[in-house]
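As C-alpha cells, here come the structures.
Next come two complexes built around chain A: one with chain B, the other with chain C.
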Partner chain A sequence: MALLFETLVQGLLIGSGYALIAIGMAVVYNVSGILNFAHGDFITLGMYACLALLLGFGVGPYIGLFLVTPAFAILGILFYLGLIRPLQDTNMLMVVQITLGLTFIIQNLILYAFGSIEQVVQTPISAVLLHLTDRFALRLTGVIAGGVSLGLILGLYVLIQRSDFGRAIRAIHQNPRGAAVCGIDVARVRAATFALAFAVMGVASCILAPTQPFVPGGGLMISVTAILVLILGGLGSFHGTLLGGLVVGLSQTVGTVYLGGTLGLALPYIIFVLVLLFRPGGLVGGRSLA
Partner chain B sequence: MSAPAPRFTAATRTALVQIAVFAVLVAFLPFVLRGYHLSIATTTLLLAGLALSWNVIGGIGGQFSLGHSLFIAAGALLPAAFGIHHGLNPWAGLAIAAALSAVLGAVIAWISFRFDLPKLTFALITLALAEIGLILVLNIRYLGAADGLVIRRDSGSGIAGFDFSARGSYWLALAGVVAGLVIVLWVLHSRLGYYLRAVHIDDRMAQATGIDTLRTKAAGMALSAAMTSVFATMYAQYMIYVDPHAFASPLLVIQMVLFCSIGGLGTLWGPVLATAILVPVGEIARGMLGGTASGMHFVIYGVLIVIIILFMPDGLAGGLARLRARLVRPPRGTVSER
Partner chain C sequence: MLEVEGVVAGYGSLVALDGVSLSVARGEFVGLLGANNAGKSTLANVVCGLVPLRAGSVRLDGAEISGLSAHQRVERGLVQVPEGRSLFPQMTVHENLWLGGYCRRARARRAAFLERVHRLFPVLRERAAQPVGQLSGGQQQMVAVGRALMADPRVLVLDEPSLGLAPLICRQVFDVLAGLGREGMTILLVEQNMNLSLAYTNRAYVLERGRIVHHGASAELRKSEEARRAYFGLGEAGPGANGGGGGDARRTRQTEGGAHGVAV
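Take a look at the complex of A and B:
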C-alpha cells in the first residue's frame, strides 16, 4: 500500500512536469497549427542557460528564472517573426521540417558550447528531502517543480478562458480570418502568444533543470514526450493536456515499479497506442483531428 | 475492371533516360573519389535509397509513417543476428528481413484502416510503435541489446557472402538506388500510384470512387517497408557495426522524412537530390571542422535545411521547376495561347 502511494505521488509529480512542457507546445499549436519539433531543444537550451548562469555568475535557477523567462519570451517573438510567419501560408508540413532543421542547430550549438557530458544544476536545496512517511521522502526540487507546474497550468487556463487575450487566441485557433474580421490583430496576437508560450518554456526549463540531469541531445526525446502527451490528451484541449501529462507520468512510474523491465518501459507507449486506436481524438475531445 | 493503366508514355521514357544517365555518371565516381570521400558518397547513396523508400508511402501516399525505424531495425539487425547466431548468409537474411518488414508494414496499414485513424494520429501511433520497437531492441539479447551487433563475415567470400570492397559497396548502393528509382517510377505510373495519390488527396473521396483504400495503403506500406529494410541491410552490412541507437531509433527516419520533404514529397528525384546536397555538405563540413568544433557540421546542416525551406517552401523539385520556368520562357507555349 505504501509502495503504491509512493509510486502514485512520484508519477503525479513527473506527470505535472510533462504537462507543463506539453502546455507550451499546445499554446503554439493552438495559435499557429504547428507541432514544434524543436520544442524540447528550446527547453534543453533553457536548462543550459540555467547552468551557464550558475557557473558564470553564481545565479541559481530559481533566480535565474527571472532572467531566462523574459529572454525566452523575446526568443519566441523572434522565432515567430523569423521562421513561422514567412511560412504561414505554405505547406504546414514544411514548417514542421523547419523546426526539425532547428533541432540540429540548437542541439549542436549546445554541444559545441558545453560538450556532451551529462550536466546537473545544483541548488542549495538540492539535498533537501521532504519526509512524507518514515521511509518515503520526496526531493524538495521535485515538489517545487510539480507545484509550480500545476500552478502555472492553472494560471494559463484562467488566462486563456477568461481574458480578452485568451479569447483572441481561441478565436484565431478557430478561424483566423473570422478573428481578423472581428478586429483582432492576428499577427500581433500570434506574436504575443509565441512570447507567452516561450516564457512558459523558460519557466519549465528553470524549474526542471535541478530535478534531472540533461545532455545536449536530449531535446528530441522531450519533444516526443510532449507530443505524445498532447495527442494523448486531445489536441487543443487544456484539460486533456494536463490529463495526458499525468497519465504518461503515472504509467511511467507504475510501469517501472510494478512491471519492470521491457514491458514497464514500454507501458506509456502501449497505453498511448491503445487510447488512440479507440479514441483517435485523444482522451478529451472527439474524433475531430484531421 | 482491368482497364490498362497508361504504361509507356513520353514522360516515363524521359525519366528512364534520366535514371540511366544518372546511373552511368554516378558509376564513375569511385574512379575519382577515394577512401573517406568514397565512403561519404556510399553513405549518401544508402540514405537516398532510404529516402526513396519512405517516399513511396509517405510522399506519394501521404501516409506519414514515423514507424519506419521498425523496418530499418529489422533490415539492419535481423540479418546480422541470423549471421552471428546461425551462420546464415546475409543475402538470405536480407530477404527474410524484407519479407517480415513487408508483412509488418501491411499489418500497421491494416490497423490504421481498421480504426480509421486520422493522418496526424497515424503519424504519432507509428512514432509510439517505433519507440516500443527501440525499447524492445535495447532489451533483447539476441538482437545485441544496447551494445549492438558486430557483423561477422568470412573475408574473401565475395559477393555471395556480402563481402564487398569499398568500391563494391558503392556500386551495390548505386544499384540499389537505381532499382529504387525504377520502382518509384513504376509506382508513379501504375494503378497503385494513382490510387495512392487519390488516398493522399482525400481518403474518403478515394473510397467513394471505389478504390480499395485498405489494399492500396497495405500494398504501398508493404512495398515501402520492404525497400526500407533492404537499404537498411545494405547500410548495416556496410557499417559492420549495428548501433541500435542509430538503426532502431527514429533518428534515421526523421532524416528520411526531411530529405523527402525538402526534395519534394512524392516526386521521383526530389528525395535523391535533397540527400545528395545535404549529406555531403554535412559530412565535408564535419571533416573540415571535426577536430576543432565537434557538432558544428550539424549546425551548418540545420542552417541549410532552414534556408532551403524558407526559399523553396514546396521543396527542391518544385523550386527548381519554378526556377526553370522563369529562366526558360517557353516559346511554344506563348504561341499556342493565341
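Take a look at the complex of A and C:
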C-alpha cells in the first residue's frame, strides 16, 4: 500500500512536468496549426542556458528563471516572425521541415558549446529530501518542479478561458477571419501567443534542469513525450493535455515499479495505443483549448 | 460617410472589381446587389480591409482608410458581418458576442451593448451558454449580426446575410436591420436577394462583372426592368425575365433558371 502511494505521488509530480511541457506545444499548435518538432530542443536549450548561468555567473536555476523566461519570450516572437509567419500561408509541410531542421541546428550548437557529456545543474537544495513517511522521501527539486508546473497550468487555464487575450487566442484558432472582423489584431495576438508559449517553455526548462541530467540530443525525447501527451489527451485540448501528462507520468512510474525492465518502460506507449484504438480523438477528443 | 472611389481589386490575374465607386451617407441604408461572382463580396472585403485594393480609395468621414488593416477599421467603427458568418463554433453564444466587443472603442461599454443585442434577438439570451456550432442557421446569423453590433458600429457592412436562411427568419433579421437604420445607423447591405433588399433599403447599386451598372432609389429600381436583367446577368440578351418578379427568394431563383434557358 505504501509503495503504491509512493509510486502515485512520484507519477503525479513527473506527469505534471510532462503536462507543462506539452501545454507549451499545445498553445503553439492551437494558434498556428503547427506541431513544433524543435519544441524539446528549445527546452534543452533552456536547460543549457541555466547551466551557463550557473557556471559563468554563479546564478542558480531558480533565479536564472527570471532571466531565461523573458529571453525565451523574445525568442518565441523571433521564431514566429522569422520562421513561422512568412511560411504560414504556404505549405504546412514546409513549416514542419523548418522545425525539424531547427532541431539539428540547436542540438549541434549545444554540442559545439558544451560537448556531449551529460550535465547536471546543481543547486543548494539538490540534496534536500522531504520525508513524507519514515521510509518515503521526495527530492525538494522534484516537488518544486511538480508544484510550479501544476500552478502554471492552472494559471494558463484561467488566462485562456477567462481573459480577453485567451478568448482572442481561441477565436483565431477557430476562425482567423472572424477574429479580424472582431477587431482582433491577429498577427499581434499570434506573436504574443508564441511569446507566452516560449515563456512557459523557459520556466519548464529552469525548473526541470535541476531534477535530471541532460545531454545535447535530449530534446528529441522531450518532443516525443510532448507529442505523446498531446495526442493522448486529444490534440490541442487543454484538459486533455493535463490529463495526458498525468497518465503518461503515472504509467511510467507504475510501469517501472510494478512491471520493471523493458515492459515497464513501454507501459506509457501501450496505454497510448490502447486509448487511440478505442478513442481515436484522444481522451478529451475533438475539442481544442476549450 | 463611407466613400468608395475607383476601386480596382482582384485575386491573381482575375479582376473582381474594375473601377467601382459608391457612397453611403450618414444614416443611410444602401444595398449593393448583383448575381454570384459580380464582385459584391470583394467590395465588402475591400471596404473592411480583408482584401487589398490595387487602385482607388476608400474613405470614412473623408479620411482615407485603405491603408488601415481590418482591426484598425473596426476601431474606427467600420464593422462587417462576413459572408458565411465566420463565427467561433466551439465557443458559446455569450463568448462570441463578448468577443464582438473586443475592440477598444467598445470594451468599456460591453455590458450595455450585450443588453441591446439581447433586446433585439431575445433568443440569444436563452441560448447564451450553448456552443454556437449547435445553433440553427438563422440563430447563427443573429449571433453574427449581434457580434458586429457589440463593436458599436457607425457603419455596418453585411455580406449576404440572407444566405441559406428560410424566408421567415430572413425577414426577421432584415426587420432588425431596418430598425437599426431608423435609429440612425449607416448600413451597407451586400445581397443577392434583390427583391428582399430593395424592399428594405433606401438606395441601391447593382454590380455586374466588377462594375456598377445601375444605381438609384430602391423604389425606382424595383420597377426597373433593366436592373432586373443586369441582376440576372443577361446583359444585352433581350427581355428574358417574364415580367412579374415574384416575392420570395425561391421563386426568384426559378425565374433566374428559366431566364438562362432563354438566353442560351
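Here, the second predicted complex is superposed on the first by the 285 of 290 C-alpha atoms of A that agree within 3 Å, B and C clash if a C-alpha of one lies under 4 Å from a C-alpha of the other, contacts with A are read in each partner's own complex, and residues count from 1 in each chain.
The definition used in the following text is that a contact is a pair of C-beta atoms (placed from the backbone, for glycine too) under 8 Å apart; a residue touches a chain by one contact, two chains touch by 3 or more.
This structure is a prediction, so every number in the text was calculated from the model and none was measured.
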| item | value |
| --- | --- |
| Combined model on chain A where chain B meets chain C, clash or fit | fit |
| Which of chain B and chain C A:Ala266 touches, first, second, both or neither | first |
| First, second, both or neither for A:Cys182, with chain B first and chain C second | second |
| First (chain B), second (chain C), both or neither touched by A:Asp164 | second |
| Contacts of A:Leu83 with chain B and chain C, given as first, second, both or neither | first |
| Residue contacts on chain A - larger count, chain B or chain C | B |
| First (chain B), second (chain C), both or neither touched by A:Gln174 | second |
| Overlay on shared chain A, then closest C-alpha pair between chain B and chain C (Å) | 15 |
| Overlapping contact positions on chain A, where the chain C interface meets the chain B interface | 287, 290 |
| Footprint of chain B on chain A - complex, ascending | 83, 86-87, 90-91, 93-94, 97-98, 100-105, 107-109, 111-112, 216, 220, 224, 227-228, 231, 235, 261-262, 265-266, 269-270, 272-273, 276-278, 280-281, 287, 289-290 |
| Chain A-touching residues of chain C, taken from the complex the two chains share | 48, 50, 69-71, 74-75, 79-82, 85-91, 95, 98-100, 102-104, 106-107, 147-148, 151 |
| Footprint of chain A on chain B - complex, ascending | 111, 115-121, 124-125, 127-129, 131-132, 135-136, 139, 250-251, 254, 257-258, 261-262, 265, 293-299, 301-306, 309-310, 313-315 |
| Chain C contact footprint on chain A (complex, rising order) | 164, 167-168, 170-171, 174-175, 177-186, 287-288, 290 |
